[in-house]
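Here the chain labels run A, B, C, D and E in written order, and each chain numbers its own residues starting at 1.
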């Protein structure tokens, strides 16, 4: 049967990204060694271009294309924007930090671009098969990215660990998918949603849990989070940033779509389940983050904790503040956490360490860097007027509106715990004397990336209206 | 004149400001300004007084101080006979003392500051007197307290002076505390601070029925107010500050701790007499009377054994104030105020005389003085006049007023009369003990070269002496006792003058003087003999009835102890609600080698250590071994599924 | 009846060889015993009238993946000839967990009343699948190709030594 | 111009701060002047408010209202009334004086001044914000700079004090956030507008939720005040903070707590507040006596002043609690009004007095002796007459001597509270005894007695210090003698408030 | 007794758990990979079986199965590549010895 051209147009971004990725691979062949940065810049330019068609779809009608296999709605569009933007920033940071540390620089940019395509599809796929495919797409590329520094013990270890864990999780998830398929006889989420209402309870729960294992692994939700710290610490810092922001965002998009679209109509107590998971996740993440001494590891646990906060938004999906809250939080978190990682990249690049002790007295050595880091830390704590605060505010609002006051309180307590290790970074940078007064210089590309994320962090906090509007658009997630 | 009353406190205040601002640059290094200030207000007060003599309505003047909700709060001045008299006393005695100080403080490094303080005191004292409401009265009350604090501690390099000043302020503040409660009660039940309104309401029985904790409210209020007076007028048991206050320069003792401030308590009782008078069964009055009586006697006994001339006078002041209270308490409204007035004059005189003596021989101990009568005649004669007045020898001022009090007492309570009588006997005795020691015999302090004080000091003495002689006559029946018509409280009829009693009191005074002469002049009876005769009583008196010691043990130390232990409590308990948790956390954390320096104790520990400890434990779930992670996945799935299914 | 017999034989083959795979102390043997397992599964597919899938199963799994695995074993420790303990110390937990899950799965899956689908599979599944891949499953098809591409590039990048 | 006056005043300091960030390194003097200029301008602007401000009228004036996040009904809404105006001006004043005082700070000047000005903007904003979201933002904005001020320029245990301050406050504010959200979602139409919410009384019919929200706000405000037993951050913070920081802490930040009680808790939850008024009054009472006694035992001058703040804020809370307890009891309305007036007046008074006291401590500690043990001194009175005089005035004002600002405040509070909680107030009055003893004892140990040779050559106040102290002393005396101008301002606001919650 | 869906499901369930067992107990990364393959195959059996019994109308199940097979192949490829590079660097593929990264 012929496809309506509108469908193809609405797939424009995906096509563009695919073309870009392949194009980069080809380009890489012709770019001589040592000039590979060109590939990176091209990738950045291409991705930036890719933003346009996506943005063009904002406010468009929510619909599915390819017979319900692929959703084109505000929700997907917003997440696509976040993902692509994040990828751009990551590549910017990689430009400086990676050159010289690997012989496969060009491929790296290509892989990042391609996997961003995978993420984009994850956010939009409305069919189990497509979902499984895109998830694997992302996973495979992520495994490779995590183990990219083959000469580095930690990187190699991160790669293999990530692979084994991920493969296991996705195997479980696929089995879950198969059960879902069995229960409804469909692979399209929307078709499933129609059937799932009177699906037999036990099997459905089992399926749900197995699916959660796979998606939870992507968003690093307790108890499927354990890869996070090891991989973040081992993987190249830029890649860690990428995983912590882009792939987490996409994971949440998929999670929400599956739960809200496919499982919400069923009689399973989703809210209670997710709320519980949220509480556990944020608590575990924060508590373990406290004693960390390595910035990447600390950020890893903190990202687990933030997954918990985001799950809070998922649990509140019935409330009108729930999904928008989630989206706002994702956006805020994306800018902030990327920023934090970018600073980590910069410090690692200059001092060659990712230990927190390296941040002592950063305020004297590089005021700009320290100020930015302080901003990001405050945002992660949730101090206004930063993005983090607004996200938290919105998520709490959602929880309270959904009648999950206890969860909100848990969130509050956790924020206080979190304050501790974030404030510790600030303390190190400002209150502790540096061991050497030598000033640090940040490279241009990184400075640009940092500037963007800092700007974003502040902008969301000061002028949230556009982002709220965006979230509102995202809220019209296509569901029955 | 009536519309100028606001000037009265203003002059000294301006003087104060001027001296603070310009200090030594002023004429007479500020002293002239101060004298001018008090002198001006003296003139106004005299004018006012004369007007008052002509009778007529009280002078009234008030200012809207604040509006709370829709309820305004006015502060104002009001001059009736009572306050007119008081104004007169304060300003006249005050100006004398100011003048005297010019000579006495000559060459003092903080000369201007002294006059600044004096002026401030005069201003506040006048404020107190003029107040037409409790609030303003209280304000003046506290301010004079402050001035007395500053002036007692004027030689603050002397630790004793510093201690004395603080003791004075805090002890009086204990009294003020009760007074303040009384004021609060009044406002709570009558909703006003204005004397006139209060009295009117009370007279129409606004508080008659009410009780608080079983005590009739009105009585309670009156007694609470009296508490303030007890503090200010150094009545038992809050009298201990006054003797120490003698650390201040002598003019200060004369002005503040003899003539004016300490009399403020008496004035306040008289001012709010209605409350006492209307109190059920006049219980409040009896309280006043008994406290006064006890104070009078006790202080007199102590005065007998003091060797420091100023301390003798101080205790005598306490005792005289006690007499005034006694008078007031015995319905002797007029008598009390009358004695206040006369006492102001002759006690100021005595102090200044003492000051002049000290100035001459540079010692306070009467044992070291002697034979000064010849070298400093005017001091001697004026001092003698003062002594006679105090002893109550007719026709000197003290006689008339004291006689009034005895009269009232005699009519209402024999017991108290006995005490009063004994007091006046002792008074005569110790005063002449001082006189004989100081002026009689020969100088016992040999390195001193006594000389008469400069005229700037002696002239005020003579002025005061004049008053000490004649001011009492306004109470003399021979002249129709004008004071009784000037100062009177409707509802109390005066007890008629009785010659017999007058004779008796004169006899008592004479006896006292005679005994003193026997012991200290003719040395017929050895002082040591008296001491032995008194025996333990002497020890008791010598030890001033051990008030200070008791307070030290019963009040001061406990307070400090409580404060100290509360501080520890604050550091170790409140701050460390969870210090135990903290310690526990510390252990765990040490165990896992997670340690952060900047978390040390307190509630911070709760979040800090406990969280860290838990984190420290939990992190070891993160074994770094994939098989455990994978197991976690499996178990997670199973548990979650079980949870989901079992619901 | 014959179906059932066939099923039993096939699943026995599958499971038994699977048991060998997961328990054998010799990594090479377990790798080899993947082959019968996969073939058995292919057989089951045939029983389920999924001939095309069965074929692919044989080609890719029994053919490709197993060989790949054997290669890797040879390139790594297998090649060194030394023998290591193949199981870690969480065997009991592992047994427990997988047993528990097995019970859970079997009970639920068997106990569930699955919806009865109407209609029947097309006779020529290969053709149907082919056309599906070119029509409404085209997206799946395309993505799959991209996934293969990424996997390829990734594998090369990782496996090749640094230049 | 006038319609933007508030915004301009609030953000002037921030502008100055940014300017300072742009000034190149090594131009410290310029930075200082910029700071002085901007904060000074802000102060002048705050005074200028008195012009357009209609003293007679109740309710919010000079309001500015722009949609900020229309989707969820958040507005940028500023306004000022008799309650906030005095505090607003006080804030501006103390900031200027602190800048003047901090002239000699030479370590990391740029950061110092920037943070200081940022802090000022936050504080000013808190007092004029009329939208919960905005209020919350400003509230938190004050937090971070203070953390740095304590943490970088503080005393030996600064890190501990700083993090402690940070933690306590954040705990409170997050609780407040939940309270705000509870109000928001129960309102109809939903709004973050403080005035609108007070108008609506959204939780009036849900006592359970009301209690939750109330305690949420309570936690936040009580920690800020600080009420016993949440006070333990205060001594550490005050002692470790640099002098200017302590001044701001004691002078303004603590007021934010009591301001919150009067501006929000009281009108928003009158019934709930009434229900718990007794508890809060008792806590306040404990704070009063406890603060005074603990202060008495402090060997450290700065700690002593800090604890005296606990004592004085106890008075304020006693007044507020009394007002709350009188809700709906017409015959107690008068007492309540008086108490409330007193409480607000005490806020200002304590701001001025304690500000002065901390400056005084700083003078001796930062630039003279570098010790502040009460017993390290003695006999300074002869050496530094001017300093002694100023100190005495401040301390006497603090112990409630008539004719000085402290007396008016305490007097009103006692008179008012006595009409509501006679027994408690009677006990509270002993507080004036203890504080008297405490301060006089301090004066004696520091200034009186035999001069300590160790301080033989201490200089008296220099011009800069005198300048930063003089206005405070003047205010203390003036409003002590004639409080009418200030009280009329406060009274209009408080009267309408009492009417609103009756 | 007629051959039914339940039979296939049982087989797949058992297969899945065998794979899981390998996953949990094997030290050798390659062995773990084999376990994963078994689990994927179990999923495939389910898919195909369901397609046959539950939703025979369309071929989604079989297509899904094909996709899974492809994915399995990819995973094997990438995974084994990682194993090799890990072995090069760490001289071991026994996962319990690969734990520099922990806590």
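The definition used in the following text is that a contact is a pair of C-beta atoms (placed from the backbone, for glycine too) under 8 Å apart; a residue touches a chain by one contact, two chains touch by 3 or more.
This is a predicted model, so every value here is computed, not measured.
*Asks:* Which other chains touch chain A while also touching chain E?
*Replies:* B, C
*Asks:* Please find the two chains that have the most C-beta pairs touching each other.
*Replies:* C-E
*Asks:* With chain centres defined as mean CA positions, report which chain is farthest from chain C.
*Replies:* When every chain centre is compared against chain C, the largest gap points to B.
*Asks:* Approximately how many whole Å separate the CA-defined centres of chain C and chain E?
*Replies:* Centre-to-centre distance between chain C and chain E: 6 Å.
*Asks:* How many angstrom lie between the centres of chain A and chain D, each centre taken as the mean Cα position?
*Replies:* That gives a centre separation of 43 Å.
*Asks:* How many angstrom between the C-alpha centroids of chain E and chain B?
*Replies:* The computed centroid separation for chain B versus chain E comes out at 96 Å.
*Asks:* What is the distance, in whole Å, between the centres of chain B and chain D, each centre taken as the mean of its C-alpha atoms?
*Replies:* Distance between chain centres, rounded to whole Å: 35 Å.
*Asks:* Considering chain E alone, which of its residues make contact with at least two other chains?
*Replies:* Those would be 16, 19-20, 23-27, 32-33, 44, 49-51, 54-55, 63, 67, 71, 74-75, 78, 82-83, 85, 88, 93, 95-96, 98-102.
*Asks:* Among the residues of chain C, which ones contact at least 2 other chains?
*Replies:* Expected reply: 88, 90, 93-94, 97-98, 101, 104-105, 108-109, 114-115, 117, 137, 140, 144, 147, 150-151, 154-155, 158, 161.
*Asks:* Touching two or more other chains, which residues of chain B qualify?
*Replies:* Expected reply: 598-599, 607, 619, 622, 624, 626-628, 630-631, 634-635, 637, 641, 645.
*Asks:* What are the touching chain pairs in this one?
*Replies:* Result of the pairwise touch check is A-B, A-C, A-D, A-E, B-C, B-D, B-E, C-E.
*Asks:* Over in the complex, which chain D residues touch chain A? Could you list them?
*Replies:* Interface residues on the chain D side: 68-72, 111, 133, 136-137, 140-141, 143-144, 147-148, 151-152, 158-159, 162-163, 166-167, 170-171, 174-175, 177-178, 181-182, 184-185, 212.
*Asks:* Under the touch definition given earlier, write down the residues of chain A that touch chain D in their complex.
*Replies:* Residues 321, 363, 378, 381, 383-385, 389, 393, 396-397, 400-401, 405, 408-409, 412, 415-416, 419-420, 423, 427, 430-431, 464-465, 468-469, 472 of chain A touch chain D in their complex.
*Asks:* Would you tell me which residues of chain E are touching chain A in their complex?
*Replies:* Residue positions touching the partner: 16, 19, 23, 29, 32-33, 36, 39-40, 42-44, 46-47, 49-51, 54-55, 60-61, 63-64, 67-68, 71, 74-75, 78-79, 82-83, 85-86, 88-90, 93, 95, 98-102.
*Asks:* Which residues, counting only chain C, touch chain E once they are in their complex?
*Replies:* Those residues of chain C that touch chain E are 3-4, 7, 11, 14-15, 18-19, 21-22, 27, 30-31, 34, 37-38, 41, 44-45, 47-50, 52-53, 56-57, 60-61, 64-65, 68-69, 71-73, 75-77, 84-88, 90-91, 93-95, 97-99, 101-102, 105-106, 109-110, 114-122, 125, 128-129, 132-133, 137, 140, 144, 147-148, 150-152, 154-156, 158-159, 161.
*Asks:* What does chain E use to touch chain B in their complex?
*Replies:* 20, 23-27, 32, 95-96, 98-103
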